[in-house]
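Common to both upcoming complexes is subunit A, partnered first by subunit B, then by subunit C.
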Partner chain A sequence: MAETGRLTRAAAGPALSPVTLLRAAIILSALAVWELLSHSGWLYRDVVPSLLSILRALIALLTSPSYYFNLGVTAAEIATALAIGGLSGVAVGILLGANRFLSKAFESYIYYLGPTPKIIFFPVMIMWFGVGPESKVALGTLSCFFPVALSVAAGMRGIDKVLIRVGESFRAGPWQMVVKIYLPAMRHPIINGIRLGLGVALIGTLLAETKLSNKGIGFLIINAYSTFDMPRMYALLIVLFVLAIGANALVGRLGGLDSIKRI
Partner chain B sequence: MTAAAPAKLSNLGNFTARVVGIGALVLFLLVAEILIQTGAISRFIVPPPSEIIGSFYRIITQEHVFSRFLLTAGECLTAGVMITVFGIAGGVLMHRFKLLQQACETWVAAMASAPVVLMYPLFMVIFGRNVWTIIMMGFVAALPPVILKTIEGIAGTRKVLVNVGRSFNLSPAQQFWKILFPAALPTIFVGVRLGLIFALINIVGVEFLINYGGLGQLIEDLAERYDLGGTYAAICFVILVSVLFFMALEKAERWLRPVD
Partner chain C sequence: MPAAGSPSDDAILVVDDIVVRYETAEGPITAVDDVSFKVRPGEFLSVIGPSGCGKSTLFNVIGGLLSHHQGVVSVAGETISGPHQSIGMVFQEESTFPWRTVIDNVAFPLELVGMARAKRAERAHYFIALVGLAGFENRYPGELSGGMRQRVSLARTLASEPKILLMDEPFAALDEQTRLLLGDKVLQIQQQLKQTTLLITHNITEAVQMSDRILVMTYRPGKTKRIVDIDLPRPRTSEVVSSVAFGRYVAEIWSDLREEASRGMQDEESYVLHHDGTAS
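And then the complex of A and B:
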């Protein structure tokens, strides 16, 4: 009986689970409703383009060299914003986390400024850095700084005191303490902060591109809107969402966040 | 996540730290004022803080900042009601039907991390350049945390409470309204709070981007007129409103969750 059971389970393994079936059913229903809407004439023409035209636009987009150029521009802006905002966030987070006085004096500013809409600073960024990529990088940096600083400061305070005492007993200098004790012990909060920072830097940079630019993915999106090329806009949004969710998952996986229980 | 630093500082230390925090801000503004007045920083890029403070009166009286504030607040309130109704209903539905939860929870979490606000040009095509684009953008961006926190709250109801309900032979509806929902309410409110913050950020952002509506549009309008003092004052006003909104939500959450 045991053998039979094992064989039965083994045979049932590759079959589709109810969850997969339900997911497939939801996706197929959504696609069917979409296609029906696109042919129904209930909505304005082209607001819901047919799936085939979106697929064609997606292929045209992915085979176009200009898409890769604009993707490169946006990726470079986001990477620069993440580097500047992330590093300054880590530095400020370590300072605030290590020093109670500084934390009490300044952390509330960062805490309360963190969840404010950063895009409204874009006119200021244009005045300071011009209309080129620099203003987009600046907005991405501003968006990215706050979550990283807060996450690192909280992570710093959560470091096991024993580790700090070990560092002190080895007479480690401030730099050695940062490199050998603090940073390794705060790997997860830092990666989590960078993951949050990446998300908001991406939004900040792309929104700034949609507002005023002549290159980048944000520019392509607003250009598709201006020319009312809806299939292209859908294709761009699909690609963007896949890239953004993928990048978020990749940073989380690289930092081993999967192993942390979700709070 | 709270801003509170480890509470090891004495009362005097806390007071000194606060004074240093405020003092540093005042010093920063003074230094900026001197640098701009002496021409070290161009006043055509950064207006002096005194001019920004002076512009507050002007934007309040001439730019109808309070009616704009009410418009933005109304948009936030509408989006807030929508995320509360649809988010809680979605969360309850997903908790009730486990298969649906297993199939869709990952999607909702992915949507929470997706740059949904970038769909605003699409929403403009669908809803037009009007207040509904702004509200719907706030709604879509703020919905995932309410759904996720509702599921978490209901699933986290203490077993003993559920057993009390069973021992009273409560019907499924009674079990939900008398046991599960009240027990999950504090966690649901965390989701609603996060949702409202996301909604405010997105609503003001989209107002600015599409140049329509309340406070966000005011900033865009003043920036286009190159009214530097007014632009900076309007940005400060929006930041102030966001911070006060955030603080009020925090207070409400603490009131709802007295023991944590």
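And then the complex of A and C:
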């Protein structure tokens, strides 16, 4: 779709292409239907609030300090989860990839645990770490760990063996081997694993926040829901949507990161 | 050459009675059997043999990357038990680091020993220029041709200033013209640095062109068939190829090698036939 859109536009010059027009029409009609619904009185009270009230809630949200505080909490949770889960994933991935015995013993567990929805461990996390941000970090870490570990283990086995022999022939120590050969040789699988890891850490953390929490964006959403402040809830969802797109684009950039080449 | 004592006294590399066996699905095979030789300082020795005769195995033993062998390899009187700083290896396969620029590739061994950044850049520049790659310092290997990448590998190994340069078919993957020119380059560098060199190859022309002596290996088990002295004047270039003496050496070594190579081919053919038979 996007490809055709770009092609058509390139051919037709700066004029609006049919695809762009169609897209705009879809958005406009969705908004119109939404607005009609909100005024129709068919649905219970504020389930579909008017666009104007959502806009007002959005402005109120973006100007309130509490929003930024909670956004900071969630961002810190995700960043911490990514750091812990990512680093331990890389470390475990290297061990599994380097050692046939360990890989035989443990890798199948990781394969089976990998796709399990980590939210089922949330009650355990609550018991261990409480209702604060710690239990969210724990869940985010758990989500992030598996894709990173699996990706790195596969990457480790994919390293060109001759590069390892070059390192050995120059008598590189174990730490030098890891830092100067294994890690840079695995830059693509590592970045890929971290991309997947960030995605699931985001989901895990927010999901946990909406289940049981006292801070964070997920908490604000569920709070707006339980006080039936629908305009505010939609405003939060919009903000979250935009942030998720932004985070995705940021990590997408990582894929082509040149500086990784020069570790 | 100082004529001090017996030949073993002035040998820098001694390879003594090396035997290597591999366990395979078809049972144990002896890849290298009882190979012994000595290399004098500044000498260019080639080991030649048909594909599969155990050359790379021998290369790995001398480089200290293989440890399940019998026999002893010693450098300047010291028995090696693993990669030794006096031996620099150039591998048969593509072995540059794709994530490092040319200069960072060449500086790699210097980085490992903790040489200061400015000094190692200077050293790396010297060896990059030596292999004829000045101006390509900041390129990545992916932007270079195969021959240039192989020169980067050579410069990287030379940068570690090994007493013995050990190369396993470094030109095997290159086209004929590149191979000849690169051979010239290696010869020129070897003569300029008086670099003791052990070249492993299956190419007779290459071996005769560069070597002082050539060790011919047999096929399965890999034994020493003969050691040939190449008495061609130095300094040499690839032009030596057109001399009469050169042709005589090539013919002589080919007659030794042909027998081994055809045994190797028969072996491979019977392997394929046998395995087709059992598979159907």
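Here, the second predicted complex is superposed on the first by the 243 of 263 C-alpha atoms of A that agree within 3 Å, B and C clash if a C-alpha of one lies under 4 Å from a C-alpha of the other, contacts with A are read in each partner's own complex, and residues count from 1 in each chain.
Definition applied: a residue touches a chain if its C-beta (ideal position, glycine included) is under 8 Å from a C-beta of that chain, and two chains touch if they have at least 3 such contacts.
Everything numeric here is computed off the predicted structure, so don't read it as measured data.
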**Request:** Please indicate which partner A:Thr63 is in contact with in the superposed arrangement: first for subunit B, second for subunit C, both, or neither.
**Result:** neither
**Message:** On the A-aligned overlay, A:Gln176 touches which partner chain: subunit B = first, subunit C = second, or both, or neither?
**Reply:** second
**Asked** On subunit A, which partner touches more residues: subunit B or subunit C?
**Response** B
**Prompt:** Counting only touches as set out at the top, which of subunit B and subunit C does A:Ile221 meet: first, second, both, neither?
**Reply:** first
**Request:** Check whether A:Arg187 is in contact with subunit B, with subunit C, with both or with neither, and answer first, second, both or neither.
**Result:** second
**Request:** Check the residue A:Arg165 against both partner chains and state whether it touches subunit B (first), subunit C (second), both, or neither.
**Result:** second
**Item:** Footprint of subunit A on subunit C - complex, ascending
**Value:** 63-65, 82-83, 85, 87-89, 91, 93-95, 97, 99-101, 104, 108-109, 111-112, 140, 160
**Fill in**
In the complex, subunit A touches subunit B at residues 18-19, 22-23, 26, 43, 47, 96, 100-109, 111-113, 115-117, 119-124, 127-128, 150, 154, 157, 199, 202-203, 206-207, 210-211, 218, 221-222, 224-225, 228, 230, 233-234, 237, 240-241, 244-245, 248
**Message:** Please output the residues of subunit A touching subunit C within their complex, sorted ascending.
**Reply:** 160, 162-163, 165-166, 168-172, 176, 180-181, 184-185, 187, 260-263
**Request:** Can you check the complex and tell me which residues of subunit B touch subunit A?
**Result:** 1-3, 5-6, 8-9, 13-14, 16-18, 20-21, 24-25, 45-46, 99-100, 102-104, 110, 113-115, 117-122, 124-126, 197, 200-202, 204-205, 208-209, 216, 219-220, 223, 228, 231-232, 235, 238-239, 242-243, 246-247
